[in-house]
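Following this message is one structure expressed as structure tokens.
Which chain is which? They are A, B, C, D, E and F, in the order written, and residues in each are numbered from 1.
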Amino acid sequence: MIETVLWEELKWAEIKELASQNAVVIVPVASTEQHGPHLPVSTDAKLVTTVATRVAKAMREGGVPGIVAPTVWTGNSLHHMLFPGTISLDYEVFSRLMLQICLCINHHGFSRIVLLNGHGGNEGPLRVAITEINQKVGHPVFGVDYWDPARKEMAEILQVQTGVRHSGEAETSLMLHLYPELVGDYSASVGPDRPDPEELSGGMAYTFRTYKDRTRIGVIGDARPATAEKGKKMLECIVERLAELFSRPSLWEITL
Amino acid sequence: MIETVLWEELKWAEIKELASQNAVVIVPVASTEQHGPHLPVSTDAKLVTTVATRVAKAMREGGVPGIVAPTVWTGNSLHHMLFPGTISLDYEVFSRLMLQICLCINHHGFSRIVLLNGHGGNEGPLRVAITEINQKVGHPVFGVDYWDPARKEMAEILQVQTGVRHSGEAETSLMLHLYPELVGDYSASVGPDRPDPEELSGGMAYTFRTYKDRTRIGVIGDARPATAEKGKKMLECIVERLAELFSRPSLWEITL
Amino acid sequence: MIETVLWEELKWAEIKELASQNAVVIVPVASTEQHGPHLPVSTDAKLVTTVATRVAKAMREGGVPGIVAPTVWTGNSLHHMLFPGTISLDYEVFSRLMLQICLCINHHGFSRIVLLNGHGGNEGPLRVAITEINQKVGHPVFGVDYWDPARKEMAEILQVQTGVRHSGEAETSLMLHLYPELVGDYSASVGPDRPDPEELSGGMAYTFRTYKDRTRIGVIGDARPATAEKGKKMLECIVERLAELFSRPSLWEITL
Amino acid sequence: MIETVLWEELKWAEIKELASQNAVVIVPVASTEQHGPHLPVSTDAKLVTTVATRVAKAMREGGVPGIVAPTVWTGNSLHHMLFPGTISLDYEVFSRLMLQICLCINHHGFSRIVLLNGHGGNEGPLRVAITEINQKVGHPVFGVDYWDPARKEMAEILQVQTGVRHSGEAETSLMLHLYPELVGDYSASVGPDRPDPEELSGGMAYTFRTYKDRTRIGVIGDARPATAEKGKKMLECIVERLAELFSRPSLWEITL
Amino acid sequence: MIETVLWEELKWAEIKELASQNAVVIVPVASTEQHGPHLPVSTDAKLVTTVATRVAKAMREGGVPGIVAPTVWTGNSLHHMLFPGTISLDYEVFSRLMLQICLCINHHGFSRIVLLNGHGGNEGPLRVAITEINQKVGHPVFGVDYWDPARKEMAEILQVQTGVRHSGEAETSLMLHLYPELVGDYSASVGPDRPDPEELSGGMAYTFRTYKDRTRIGVIGDARPATAEKGKKMLECIVERLAELFSRPSLWEITL
Amino acid sequence: MIETVLWEELKWAEIKELASQNAVVIVPVASTEQHGPHLPVSTDAKLVTTVATRVAKAMREGGVPGIVAPTVWTGNSLHHMLFPGTISLDYEVFSRLMLQICLCINHHGFSRIVLLNGHGGNEGPLRVAITEINQKVGHPVFGVDYWDPARKEMAEILQVQTGVRHSGEAETSLMLHLYPELVGDYSASVGPDRPDPEELSGGMAYTFRTYKDRTRIGVIGDARPATAEKGKKMLECIVERLAELFSRPSLWEITL
């Protein structure tokens, strides 16, 4: 009986056994980027890794085998590069990295793969990359932004924000719950503090902008009302919804 | 006094003059893909070209010089490839094509460029491509989906749909207004007619799917209530909103 | 009975039917580039599109089904980039674009494809690109420069030139016949007006040169004797010869 | 006063401060690959991460600021792909990933970067990749195999092996010391158990071979005499030697 | 006083000296491909190397320093691949190889570079490649097909052919003059012996074809009337014309 | 009975015959780079070509058919680029060139291919490239550094060096034996004459360095004790060992 849900802690014969059970493989896809004055650069990576691990455990309790691949900590963060600590890939390398990871996992016999995204800047690139991944893998690989299925529940728990945003109430609450020792002083962590040029078009025109135009400190949102309690509640909703989603047989009956 | 707004009809000295006025260059980005039993494969190309041309004319009337580049008729339509007539690029070639077009336009002195998108499948790829385009061009290039700014007005005009969808009420109405001779019998043009496997996840999980899974005839929406009158009204709203947007000085004050 | 010969005006079921007839698909390949003081930048695109359309019609009259794909308006025009209005691709993007277009057309069941070239700068790149295209498509794809089969007839019709050249007697005559409203004053359109450094080697050494070295106004040839009448005559010869060539069964019996 | 040596636990302002001190950045480069019947697939990643972290701490105690970047867990492991669990990149993606990581780190002001390698299969690829990395970064980036500087000491501590090999006495001892809970039964972990075809050439001819040719269980070496005590001793030697090496001012005076 | 004209025989200080004289560097570009039943696969390489060497010597006698780079023996010979012995590159690798060779030569101070082509299949690829080469090198690099400047003289010397063709009278005569020991029995070396499908279009349509369609033995031309005497005469004309061409100051005054 | 062992001197039918005997194909891989004040830039190419030729002859005498492909004279010599005469490829072009050469040789029916390396800078790149070559070719292709099998014998013959180094006793002796007319004055050819910064790390850290940092004249080693006699002895050992190695049936029984 294999206990851990972490790919990295498994021996090869154990992974072979999980492949024979056609376990669902969750690949956390994150970033390494500035997260304001109070959160570490691994915030996205730490959160999505924790979410994935708890989801896999919840799935196993429900009788669906799940494993969590190592976390892809190199995402699309060019818009944060003017803040130190950001390590970003361009789209070409990011998409090839994701493709080769998926091909290897599939090579070992796993046909149920989900890319669990933990970084807003990856949303577009993952959607585009999956087109080629599916063709090469031969099975539909799914992408899910971890905050998406429990979007409504999160909006109810949050006080001043309605979504995740960047280093604000949502992420700070989750980090306070999970990694309080890594959270710094967030009493001034509110932004943006610059007029947002993107909003000049009322959101109708899209372009690439650096975060430096919008916030001096690297925060879009308001971290001040964050609490560990909110983080705990949100995490529970997120895990429950994702575990339910990944456990649906109908999801995996879809073919290319 | 230059009358045409079409790049293709201009001589080089005229384009030089327009560059010296820093004219806004609108690049229509479309597709060549199946559009159900009643619309031609150039539907996206024809609609976005017409929209762009009318927008440029409206801008000129308002004193803002605008030109329309030739239409990019090769978009991201892999999901339509199982229907004959579709000519699609992969992301890599599409993004390099867009980059080189933008670099040439900018090379001639134009710093105000907007990619006016007329195909849903281009939305993700354009957003990703603009990241690299902006870095190489050195100015923010904007992407706009032509139906976006007048989304509300369109929803009011449409009877059974709320958005554009594919070969349904919206596109058929616009084509009836503009190219009635190219519109075939649409009395049965309603879809999807297959259970949509993507909806199994409630829209939470994204993946790449072919249209063949969803519709036997290539329609997502309901063309039956389409009328030329609706098309005329929608077009007016769309043109008005886009002309206003591209004429805002604040949009073009944004720098990289 | 399908009347139009334009791919873009067809519905998917019509293209399916034409594929079952193994129709010949003509892909016009052109450019967007300066054409002297009196011709628009789309001269190559407009001419080759018209030629292709008339050829396809003539073929149909002769009982051979033919269709005209949308025109590739992005060619190899780096040598014109110092004149505003030119939009050029490098070879790599151009060749991949051509390959993917051919692969899509072939995917729908068409094995008879001809790339009808309308721009001198594409001659070399198309010849090189076809090597890879044939290997990937699995059928021989043919390239033809539109002025080539009727070269002799054109030489007889022209007064001061023997071939097409650039924005001179031939192209201006064709444009006067087809698009007189787009032709400006050509009373001084004669060139080159600079010593041609390439000719220093007597044509024995080839290299890449910009047009700016050879002509201040962008003309190589002499447009002054151009007339619509000459254009009409040349067009008739060109169409007749091409239609005859593309209708030869022997051409399409060639295999890879 | 910044305490952690882990890049991932730092906030952006802290990384900025460390850049101003020109801290040495250690990038652990590992693999995810089968490690015999008793060790997890993350063995290389876990070991090199631990080594890097202890080295950075030792350096700080010696007054030289050091930080540890997140671990690159995707290495060159094609030779292990026939064993489940292996996730490998090809050289092209691996080298571009390493280049972009180095460029980002350097972008933030760090000119002292060392790639600490923890996987034999990365030795060749890293040496080749550094040629391009140095040219693009503009500073010499160093590669070090973690077992190299203390090679002699390790040979003395080990009983049946003289070097690291794969899943044998050295790696198993280190894992027993650091992660005993992840070490399975290694009473039969000895290999190779197949005639090694590479040795037919006496080591004179090199080629690419899969591990499956050489060992049924994925072990090259002999894990049976492994002990935590040996692991502890080796780790101390390794850390001491590496910390001393990375702290030498002369190393960092080298310019391109 | 440096005597040899061969780059490969020079020491670095000698090449430095020749760079300071801005010597003309001739790069022979050839192929390795079948040459019928009687000629070796290096025929193109041997001939163009000899031509280049004699040209460089003739130039030196005329006071113009010239050097011959090593011969590029990997050309574009896909059409010969069905005959054993052919070693061919695709265009992408061929063009990058040529670019990097030119960049290195230019890096050492040589701005006068000519690519002396000795293989028909390279004509198109070289013309296309030179576009990018010139842009990257910053000087015009010239391509010359070795048989081109003396085309008329050769036509007069040849009895049954008017041009070079493949393994026929011209090449066999040159080989008989220069490398008689490598020439086999050519009493039956005449071709093509299959109906040439390309000629179905009267030369108007171009495509990629394998030589196997046209000749069973690999000969296009007629080697039977070849003599060493004809080879000697042709070589003299070729060398004289090329030496004169490369020595013209006007050729090298051309700038990008 | 085919006498020559040189691929380049063979006709296609002869190569076909050798393929039917499954001859061993030796591909010499060299460089074009500075070799100090006294040796020509083709030193590596000349030596490895001669070695390969003699090995193939010795093999034939022993009843094993062997052929020598043309020599790849473009290697990885970036570290020599600051000395004139060096012509180097980057890894990407080098590895693709090697792959395409191997694929062509294999295409003609040869499954026994060895890349005989004659340049130290190619050691890493060849090892990395062979991974992909083997996968694409489908057979193991072997790499051998020519000096490796007879390393011990060479060390005994040499007086002041123990290995090959660069332009020192070993290479100069071989060149004195084989090409005395190309060897210049080597009475001062000893190096390095600059403190070697790489040795600061005791060889533990690897990075990319230019030779200019280490030697003003381009020599690493000591050419002064070189003699033709030593060269003759070394060559005999090298050839004997390599011929024996390539003739072992066991080497060629290895499969992928």
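The rule is short, and it goes like this: contacts are C-beta pairs under 8 Å (C-beta built on N, C-alpha and C of every residue); 3 or more make two chains touch, one makes a residue touch a chain.
All figures in this text were calculated on a predicted structure; none of them were measured in a lab.
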item: Chains contacting each of chain B and chain E, listed by label; value: C
item: Chain B on chain D, rotation in degrees - Cα superposition, rounded to nearest 5; value: 120
item: Chain B and chain C: spacing of chain centres that average the CA atoms, whole Å; value: 27
item: Distance from the mean Cα position of chain E to that of chain A, given in whole angstrom; value: 58
item: Whole-Å separation of chain centres (CA-atom averages), chain B against chain F; value: 58
item: Junction residues of chain A - those touching two or more other chains; value: 90, 92
item: Successive chains along the ring, chain A then chain D then the rest; value: A, D, F, E, C, B
item: Of chain E, residues touching chain C in the complex; value: 76, 78, 90-92, 114, 124-128, 130-135, 140-144, 148-149, 197-198, 200-202, 204-210, 241, 245, 248, 250-251, 253-254, 256
item: Chain E to chain F touching residues, read off their complex; value: 7-16, 19, 32, 34-42, 45-46, 69-70, 73-74, 81, 83-90, 92-93, 96-97, 100-101, 104-105, 107-109, 182, 184, 218
